[in-house]
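Across the two complexes that follow, chain A remains constant while its partner is chain B and subsequently chain C.
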Partner chain A sequence: MNQFVTLLVGGLFLGAIYALVAVGFVTVFKATHVINFAQGSVLLLGAYVIARSHASLGFALAVVLGVLVAAAASVAIDALLIRRIRRADLGTLAILTLGVDILLATELSRRIGTDVLNIGAPWGNDVTELFGIRIATSRVIAGAVAAVLVAGFWAVFKFTDFGIAMRSAAADGVTASLMGIRLNRVAAAAWALAGALAAVGGLFLTSFPAAGVTSGVGLLALACIPAVVLGGFDSPGGAVLGGLIIGVVSVLTAGYQEELSFLGRGLGGVAPFAVMLLVLLVRPSGLFGTREVTRV
Partner chain B sequence: MVEVAVTPPAVLDVSDLRVSYAGAVKALRGVSLSVPERGVVAVLGNNGAGKSTLLRALSGTLPAHNGAITGGTIRFAGRALSSDPAAIARGGLVQVPEGRRVFANLTVEENLRAGGLAAPDQAARAEARAWIDALFPILRERASQRAGLLSGGEQQMLAIARALMASPQVLLLDEPSLGLAPKIVEQVGAVIREINERGVTVVLVEQNAAMALSVADRAVVLEVGEVALEGAADELAESDAVQERYLGMATQAPVPGHRVASRAQPLRVDDLTVRFGGLTALSDVSFTVEPGSLHALIGPNGAGKSTCLNVLSGVYAASAGSVRYGERELTRLRPHRIAALGVARTFQNIALSPAVSVLDNLLVARHRRMRSGFVADGLRLPRARRERAEHEARVREIAALIGLDELERPVGTLPYGTRKRVELARALCAEPELLLLDEPVAGMVADESEAMARAITQARAELGISVLLVEHDMTFVMGMADRVTVLDFGRRIADGTPAEVQRDPDVLKAYLGGAA
Partner chain C sequence: MSRWAAYAGIAVVLAAVPIWFESFWLQTGLFAMAAIIAAIGLSILVGIAGQLSLAHAFFVAIGAYGYAYLADKIPPVLALVAAVLAAGVAGALFSPIAGRVRGIYLGLASLGLVFLGQHILQNATGITGGYRGIAVPPFSVFGFEFTGADGMVVLGVPFGPLEKLWYLGVVLVAAALWYGHNLVHSRPGRALATLRDSEVAAATNGIDVVRYKAAAFTVSSMYAGLGGVLMALAFGRIVPESFGLMLSIDFLVMIVIGGAGSVGGAAAGAVFVTALPLVLNHYSGSLPLLAEPGSGGVGAAEFSRLLYGAAIVAVLLFARDGLAGLVHRKERVR
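Coming up: the complex of A and B.
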């Protein structure tokens, strides 16, 4: 029982990180209708910049730089590549981002090689005791940061002019432009947000208990895809819930690996996708996704 | 009226504008239009005349529809118009799009704020907001509701209010009366006059010529991409040309079809009830479509007509009651099984393949009757070729009956009224015994709906089928139906011959409100 609670809480904290990355994914999809597979390599880019620069800049400035570089890279993908073919179909745009992902990830792995770069977080390998459960400090901070960021985004989207412009553009782009809303700016803002969130996610995914920044970190972001699909693709709330579910499922299956050994080893990596498929069988549009409604 | 020879300065000046889509279809062929400051100019015309294209050019949204300006100029407030929609709106030329297009998941308040984003400054927003509260009290009451929950008329008001939040110098209105009840249309007209009195120039694109001409000072009539008529609104309203074309004065109701010899069987609907969650869309509706008759199912918007048709064709499930065609119970059959019994339908929203020719769209309907498989057909074996030729001949016969020519043209390039007739023809090509028609003349002007009425009467007489016609325009069915069933709020309120139904007090009340 105690192990279960420990794993559950650990899973929720890991899920909070996934949720951040997933929210960025959904934001881009809502604003520009692009399924952004480059999110993984942008995440790696953010973590890489932080890991390379913390020695000279100090950790706080390194994080700021990493977030800015990731946001800029994300905006550049939209402004240089996507914007020209904005009206292309979903598949074309998704494959374009897949290409960008491969290019960026290849270049970053070339630079990282076989090294494991330390992310340089001041909390290092500290462990915090929370209601009798021992848990990595970095995960606790990740959870807190994720909660603050998600709440902040919710408030911005709900109450500010910028949020209204964003939601109008997501609902009906042509009409929004007739109302004077500049779609290219909305798109750039969405991509910048996604990049920044990916960098923050990257920071925590490479902190303890993870070893550090390796060339394989970009693949970790793949776990966010089941989170997004599970949540329903166009629902930020769904992305948060999906992230938490995936976090819990992967930590639980990894924790009970021995008991589940009849299902084979490495179940932790497969379980998120299995859960995604199960949910889609029951709810084909995800937990909170908009169902396609056609009037005959 | 004081006679002044001086024309006021034009705030919006369109000169010799040419627009084409996908580099080929010429939608505007040299249109000139001058909108004087503080004027109300109506742009009239049929579907396909180029009204929407003109508005797209003015709002910079042509590229989004794969269109481009190929010649001519547009000048707004003395300068060449920007090509960026957002910049145009922020410059004071604001459009209320066709079909209202409110942001359904945003609240009424948020919709208004979205409109205010294009306003020049905070003071202008506050002033516009105060004015809107006075102009549309209903919107203030429903400020925190989601816009998608408003009625059609309220959504139209919201769409206009949203545009006014930008403090426009010129307001472009695209078909504001479309799909609204006559009473609401009157209100929209009054609102437009009030807006104009506050000094806003209005360009009003309308199919409803009576409404537009009552509001406008000047009007132009577009026809196949060119200006056909132009002048002061009151003079145009008096002119014979406009009366004949757009007010339906000279049109005659088609002669009612006599009962024809028919292979069809009776369609009996008994105590049909349909519930969606807690909402009862149809309750205990009964009627019978006699073989070979033209039966009309009418009622105001939201009466349950389309729901009824969707149950008959197997798209929706019935909650209770029965639908029998001859001896067969239809309520538990899948749509394709119902089609196989000889019951065909058309859709309210056109459901054709736009890139494919008329002929091929029609041949699809012969699928049920074709025997050679795709292998034989793909290899063009003699048997398959002969079969295709036979079917093609029959399809051409039916098309001629409906008055369709140009069978090789892609459906997407045809005007709206013609596309609706292609849909009718496609349903007929399945050789049905019973044809279900869902609002065949929705959104059509007088001459288009006349062509449709002729096509329906002709098809029934020549092919010997029964027709169940769903329609909300009562005048359209009165001339042609043998029997009429009237629905209101999901209940049958009348059933009888057109003459009986026309005098029924409940029907008058449903259609004309308390005035009757």
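Coming up: the complex of A and C.
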């Protein structure tokens, strides 16, 4: 029982990191209707910048720099490439981001090589005791940061003019632009947000208990895809819930590996995808996604 | 008439290749041929039927492993047929999900299949040999073995497994192209294209939407299976890593570069994507731009990845219909 609670809490904290990256996915999708496969390499870019610059700048400034670089790269993808073929269909845009992902990931993994770069977080390998459960400090901080960020975004979307612009652009782009909302600006903001969130997610995904920044980190963002699909692609709330579910599922299946050994080794990596397939069978648009309505 | 003359010319050239070229080019050609077959299948599914799939590597793996597992137990020709059928059955089994889930959700759901497939390949060690992989038994038909054991020599060139497999590959590719071309230009092909453009319009015209979607998935998976068998034969030994997400993305890129929905375009894209890294690697010693692997510079592997990424971006921005689109545009102008 104790093990179960420990794993559950650990899973929720991991899920909070996934939720952050997943919210970035959803924001981009809502604003520009792009499935952004480049999110993984932007995440790696953010983590890489932090890992490379923390020695000279100090950790706090390095994080700021990493977040800014990731946000700028993300905006550049939108402004330089996506904007030119904004009207193309979903599949084309998704494959375009795959191409960008390959370019960026190849260059970054060439620079990283086989090294494991330390992210340089001041909390290092500390472990915190929370209600009798021992858990990595970095994960606790990640959970807190994720909660603050998600709450902040919710408030921004709900109450500010910018949030209204964002939501109306997502609901009906043409009408929104007739009302004087600058779609390109909304799109750039959404991409910047996604890049920044990816960098924060990358920071926490590469700090303890993970080893550090390796060239394979970009693939970690793939784990966020089941989260996004589970929640429903156009629902930020769904993305948060999906992230938490995926975190819990992957930690639980990894933790009970011994008991589940008849399903094979390395179950933690594949269980999220299995859960995703099952959910899609029952609810084809995810838990909270807008159902596609066919009008004749 | 001139068309048939052209076909005959191509056939003669292809038949002469094993006599002139060294084994590296035959191996590269075989991988390209395996990719062509599988890419045609994906082109039919994505380009004609409009169903985005990232699961193609999964079906390729079923073909490859199906053949490798069965060819010891039953005649290799039957193993080939059985492997292709097994891939088709897997496609048909996935089609309930494909039938319910649409568009991008389908693409991402099929992504799950690749990861499930990897998990199975790593863990079902009795059939797949786990991470160490499994040796692929040589092909043989009516007692004619595709090995070098019989010491066959043609025009002074010893014919080993690669030389013989080359001809098998050419025949299979020709059949795949012919079938694909006919399918696209027949009634079922037009039905699938209608399905892609509007499901409602298709249904009101009496097209059984669910059945056609399932059929598209099945046919595409069978193509993948056949490509997988040829790939397994070219590899000689197959490991799970060869059938991961990267392969699925490769196939998607092939049909994008070639022009989605075009059978010939898919073939051209397949050749480009498969041969590029192999050829660059082969000549990396004599290309001045490329650094030695591990020296920190841009090596052959990285260079081909960068070129590949840039090709995707360039094609999507400037030539949305891919290579096939360029050819057709030229024809129209003339």
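By definition in this document, the second predicted complex is superposed on the first by the 294 of 296 C-alpha atoms of A that agree within 3 Å, B and C clash if a C-alpha of one lies under 4 Å from a C-alpha of the other, contacts with A are read in each partner's own complex, and residues count from 1 in each chain.
Definition applied: a contact is a pair of C-beta atoms (placed from the backbone, for glycine too) under 8 Å apart; a residue touches a chain by one contact, two chains touch by 3 or more.
Being a predicted model, the structure only gives us computed values, none of them experimental.
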First (chain B), second (chain C), both or neither touched by A:Arg265: second
First (chain B), second (chain C), both or neither touched by A:Val156: neither
Touched partner set for A:Ala211, first chain B, second chain C, both or neither: neither
Which superposed partner A:Met276 touches (first chain B, second chain C, both, neither): second
Touching partner for A:Glu107 - first (chain B), second (chain C), both, neither: second
Of chain B and chain C, the chain that contacts the larger number of chain A residues: C
Shared chain A contacts, counted only where both chain B and chain C touch the same residue: 296
Chain A to chain C touching residues, read off their complex: 35, 81, 84-85, 88, 90-92, 94-96, 98-103, 106-107, 110, 113, 222, 225-226, 228-229, 233, 263-267, 269-270, 273-274, 276-277, 280-281, 284-286, 289, 292, 294, 296
Sites on chain C touched by chain A in the complex: 46, 52, 96-97, 100-105, 107-109, 111-113, 115-116, 118-120, 122-124, 199-200, 245, 249, 252-253, 256, 294, 296, 298-299, 302, 305-306, 308-313, 316-317, 320
In the complex, chain B residues that touch chain A: 59-61, 64, 84-86, 89-90, 94-95, 97, 101, 103-106, 110, 113-115, 117-118, 162-163, 166, 310, 315, 347-349, 351
Partner chain B, residues of chain A touching it in the complex: 87, 161, 164-165, 167-168, 171-172, 174-183, 295-296
